[in-house]
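To keep things simple, chains are lettered A, B, C, D, E and F as they appear, and every chain counts its residues starting from 1.
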Amino acid sequence: MTAAKRLLVINPNTSKEMTAVIQASVNQSLGLLGGIVEATTVCADQGVASVEGSFDEVVSAYWTVDKVMSLLDAYDGVLVACFSNHASVKALREATNKPVMHIMESAVMQSLPLGAKFSIVTDSNHWKPLLEEGVQTILGSMERCASVRSSDMTALDTVTLSKQQVLDKLMKASQEAVSHDGAEVILLGCAGMSQMNQAIEQTLGVPVIDAVSSGVMAMVGLLLSNLRTSPQGMYTPLPARPDEVSVPNDGILKAYGRHSK
Amino acid sequence: MTAAKRLLVINPNTSKEMTAVIQASVNQSLGLLGGIVEATTVCADQGVASVEGSFDEVVSAYWTVDKVMSLLDAYDGVLVACFSNHASVKALREATNKPVMHIMESAVMQSLPLGAKFSIVTDSNHWKPLLEEGVQTILGSMERCASVRSSDMTALDTVTLSKQQVLDKLMKASQEAVSHDGAEVILLGCAGMSQMNQAIEQTLGVPVIDAVSSGVMAMVGLLLSNLRTSPQGMYTPLPARPDEVSVPNDGILKAYGRHSK
Amino acid sequence: MTAAKRLLVINPNTSKEMTAVIQASVNQSLGLLGGIVEATTVCADQGVASVEGSFDEVVSAYWTVDKVMSLLDAYDGVLVACFSNHASVKALREATNKPVMHIMESAVMQSLPLGAKFSIVTDSNHWKPLLEEGVQTILGSMERCASVRSSDMTALDTVTLSKQQVLDKLMKASQEAVSHDGAEVILLGCAGMSQMNQAIEQTLGVPVIDAVSSGVMAMVGLLLSNLRTSPQGMYTPLPARPDEVSVPNDGILKAYGRHSK
Amino acid sequence: MTAAKRLLVINPNTSKEMTAVIQASVNQSLGLLGGIVEATTVCADQGVASVEGSFDEVVSAYWTVDKVMSLLDAYDGVLVACFSNHASVKALREATNKPVMHIMESAVMQSLPLGAKFSIVTDSNHWKPLLEEGVQTILGSMERCASVRSSDMTALDTVTLSKQQVLDKLMKASQEAVSHDGAEVILLGCAGMSQMNQAIEQTLGVPVIDAVSSGVMAMVGLLLSNLRTSPQGMYTPLPARPDEVSVPNDGILKAYGRHSK
Amino acid sequence: MTAAKRLLVINPNTSKEMTAVIQASVNQSLGLLGGIVEATTVCADQGVASVEGSFDEVVSAYWTVDKVMSLLDAYDGVLVACFSNHASVKALREATNKPVMHIMESAVMQSLPLGAKFSIVTDSNHWKPLLEEGVQTILGSMERCASVRSSDMTALDTVTLSKQQVLDKLMKASQEAVSHDGAEVILLGCAGMSQMNQAIEQTLGVPVIDAVSSGVMAMVGLLLSNLRTSPQGMYTPLPARPDEVSVPNDGILKAYGRHSK
Amino acid sequence: MTAAKRLLVINPNTSKEMTAVIQASVNQSLGLLGGIVEATTVCADQGVASVEGSFDEVVSAYWTVDKVMSLLDAYDGVLVACFSNHASVKALREATNKPVMHIMESAVMQSLPLGAKFSIVTDSNHWKPLLEEGVQTILGSMERCASVRSSDMTALDTVTLSKQQVLDKLMKASQEAVSHDGAEVILLGCAGMSQMNQAIEQTLGVPVIDAVSSGVMAMVGLLLSNLRTSPQGMYTPLPARPDEVSVPNDGILKAYGRHSK
């Protein structure tokens, strides 16, 4: 009997609370699959407590690739649990041919068979252009995306507001996406919103995608099918260049073929 | 303990041989998943022995929806095992909210995390514009698609040529897709090519997607997540209109709410 | 003297009333042309009384191609009188090189020289995404299309409401297309709306296209110029494959080269 | 009995020979229609002998609008017989609501029902980017256009080479468009090439559009249907501003509401 | 020491007032650069007092190219001070390899590093579709353009209304572009609006581009870098064809290699 | 008299040689402008010796933003001297409203008025998809880009090969871009290629853009015009969140409002 495939799930910020939320969602999805794949959920060792824009992403991506590279030998694939086109994913696909995904692409993909147009509901206005750019990169166009809607929350709000207040704001934005933008499917654009999809689905009557769950399902498909990142073109493997790199991070040095002390 | 989900796989042509090939691939994929989902593979009762273009598709779609509607009560979802944007899928999404996919969209989706550009290798020249149109519909653009390449075979060739001759033709077209078109991932654009992906992957060193397997994996994700087709917009449910339909097919009549004799 | 060209106009649903409306419009247009072309208007023998979505289209396309193939020997070209990218058209272009059009593409084409942006006014919300997809296929983009606007009618409404009530709803949707969406030309997106274009044109002061009339004009141009469907690529001719088809329909069997009993 | 509609055909250069070629093609097309429309073909009084690029177009457009405005009262519509997105057309649509077309848009439109992809065969390399820009404007994208192919002729060549030599060059470019670019329909991208479409069609077996003929057919459709240019948006009518214009051209002055001496 | 580069700025209408406004803006920008480049600002000798649409542009382009060609020997480059994709620019790029720009392309370019989406605020509704077409040509898509907003002024209004009234209308349109369309940068789409950018920038807090200033900056970059228009493709040089041209304008004749009297 | 504006030029890798090449090019461009702006050229303190892909970019972006933030108080704007859509630029636009550009966007912008289509010539195949993605982001489409061409060099080659060998490879790729892809302007897609543009321009006769020089010219325009990054949308300013960040880098900590020890 072959050993089960092992999946590394990384929360690219430093929040333990967010990591726990992600872990619960991962476990629930894997439970549905009868344990055919094993997963570990970790977060970055350093960086920012939440990723709120492009500066945060530069910081987060650095510590994420360092963390993943230091753990990767023990896993068969990586899921980056951030609802964005997070830069670590593209980088990791050069550093390993083990499959690597982020939960934005899996959520977008899972929505496609369920309706002609999807909308992403995110927290702050700042994410709207960033996620639009992400959809453009993932699908090559915005044709299938009805809209990216902000729910007019700051990052702080998602923590300080009550669960019900957060849900009310997401519900309002989702409703507007359906009514005004022609959304047929809703994607909750933040890992931290994952428990709220059922409530919105029941109220609005349209499918609402749980991004973390979609990522687990897609990674399981890739792992069981033994599919690996292509070595051609965009993800040409990173060659060993130990003499060309100078950083104080063991994981990153390892990616360049340098033995750390 | 809840009963396992049941998946109906339909081969939209009347070929028993092709149905057997599909069934084997379905079973292999489900085997990897430990039987968490059960599947039945059937083919259309009437129509054409292979779907080679748009006229065939009109004929095939009619008998496919009739067959599926007559069986659907016993299943939780449907996979149409035809590598095309087969018209039956859109139709069935109106007739039921159980998830329905075809293997072209699942194969395209599964390829996206593995490389920036994919090519589809199909048999005849006739399929090139049809599959290009399919990609445009699925992703909303051709940006992620490096090319659709014909392997210069007629439908007849895939049967009368030896396995090795068919493989040689697919290998040549795949090689050209990688060298000339910038393909990073290859999709074999016909259900009947599914056993040949491994040989091509080993020779060319790029991932080659098995469309039937990708379809099973994606449907399992939808079924286990209890996701259903959106009732909004494109797939607005077919209302019961028993008095407006006159056809001799029980499955179709059932979709319109008419009790067949 | 050469005999006049003969045009077959097919209403792809089974409604005699709708067929009569189409016939009147065809005759009026041909009258303007001095009888240089002769036309016959028929409807499908079986299927649905109106085409309201993708399931209906699968059913309608099947019976439409069967009907057309059984009559085609006596005609020089075919106009499918359905304001949609009806699947029968693509199919028939494989089965004959006689020119085949539908009235959505002729209406879109006729509008292009009259304004930079057109809007389509249709009945129900269900048609909005379907017609958007049709524009994308016909022109290759949505750039020239200001919007597809629903007039918030069900199919039933167009029959049960008074003429004035229907006109009021179309007028309101057309007005909004001009004011909010930047439409410069209006297309009435249903064969049954053809008598109402003049009233809307007079009130709003923008050109309103009669789709059936546009189809007759475009077909006359193709017929008199002896233009035929290309045998290359998308519409590669359907080869005779009598042994590969099993259906109870004489017209369809004929397309595959099988002598019916 | 109502008087026949009158069509003004303008050749926007000063070549009498080209004007005669266009007139012959116009008459042939109108003959097929039984004289239901009357046409006059004229050319610009001043300007350039052939339009070979953007500088020529600026010069040609000026004298074209001057000529058309001086004659327009006697006509019901205008066809600009230049295979380009000639600037005079947009200008004239502001100066009159009588329908105005150029033969590039009519040719593109007539090709759409005949195949999924068309190519334009033009003379010099200089026209390739200009016609690509024209297709983008007419259809809103290049999706339906397989290619614009130069036949490597200078403007001079089309006059000094023998008819057979010109045909050979067009044939070669058309053949390459079909073989290499996936063209299903060919458009000859110059009014002066109009007699050669039949020879190419017979050799290559794909439809070849006669642009002048397509223009006559489309204008007849607009004229008989009493369709006029929209006053909204792009073609907002030119208001009378007699005091704001200072030019020595009576036709242009008339467009601005100034009585010439 | 090399002589300073000399820039010709042409206002393509006949308004002396507008020319003075442009000249002031040019001088201010060049002053910032310490006189490293010298500029002369002129206007067309004949034509229209303001360019309000496509008919005006045909007239304006003719007299603009005539004027520029008659002065060009004394200058190293040309800036067409009209916020539109003015036809004279494309024409002049064929007639000389000295760099030629218009202020719409420089303004669009200068905005790109300052925000992800820009909006153009123009005067009348007529300009909206024309400027949208301009953006499509300059960037190849509308992706970066949030909107083109009319400020609901006629050309007359900009002269007869008070400065404050004009500013109020521009402010309102700019505010709506930011609030409703997601504009991050504003472009004032008329040379005559150039003094108002600072007031709008201070009120709205987003960058507002002065188009004339952006044109001077971009032309200085091209001139100091000795960059010239490409002789390949779109701007293939106009060959001398003195015998093929008949116009009464010395500048235009010179472009064709004809010695005027 | 106001003090001169100060520009910070950052080479995002750690190579002193490359930094010297960039500095020479910056000084030459500023010399043409008479010293109206002052510049300092630095490189990252840690990271990689050259940026060859997405993993390198994650590492490089981190150390680039750290370096820039530690120096920024003394400067008025930042030019990132890397021919790619380098992630540091987007990040820095959140951390400061001083203008920030990279040399890929300035080079693309400077090419637009010189020809309808540009090609980028880069070193390795790996950069082709990355630079295509960059063009898509900068312009919103690939319409204006004829191609991205690799000159089949590794990063190592540009150092170990002779100057003439490198030039030969760039010349060959540039020639193919002009002949096969329709390029009218060439962009050399690497800061290290900046001395070679003149030789290629003289041989091929098309404009060749020096990316570093284009960046200096564009930054001078922004600085003298006092233009700043928009605080709306994509570049919403990074709020102070000292408690949410944990990294050992003083520059980055400063961006988050944390006083370093």
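Just so it is clear, a contact is a pair of C-beta atoms (placed from the backbone, for glycine too) under 8 Å apart; a residue touches a chain by one contact, two chains touch by 3 or more.
Just so you know, these numbers come straight off a predicted model, no measurement behind them.
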item	value
Minimal step count in the chain contact network, chain A to chain D	2
Fraction-based call for chain E against chain D, same above half, different below	same
Intercentroid distance (Cα basis), chain F paired with chain A, Å	29
Interchain centroid distance [CA atoms averaged], chain C/chain F, Å	53
Junction residues of chain C, two or more chains touched	116-117, 128-129, 133, 136, 143, 182, 233-235
Those chain pairs that satisfy the touch definition	A-B, A-C, A-E, A-F, B-C, B-D, B-F, C-D, C-E, D-E, D-F, E-F
Of all residues in chain E, those that touch chain C in their complex	128-129, 133, 136
Chain B residues touching chain F - in the complex, by the definition given at the top	116-117, 143, 182
Residues of chain D defined as touching chain E within the complex	14, 46-50, 52-59, 61-63, 65, 87-88, 90-95, 124-126, 128-130, 133, 136-137, 233-236, 238, 241, 243-248, 252, 255-256
Of all residues in chain B, those that touch chain A in their complex	29, 32-34, 36, 99-101, 105, 109-110, 112-117, 138-145, 178, 182-185, 205-207, 209-210, 213-214, 217-218, 220-222, 224-225, 227-235
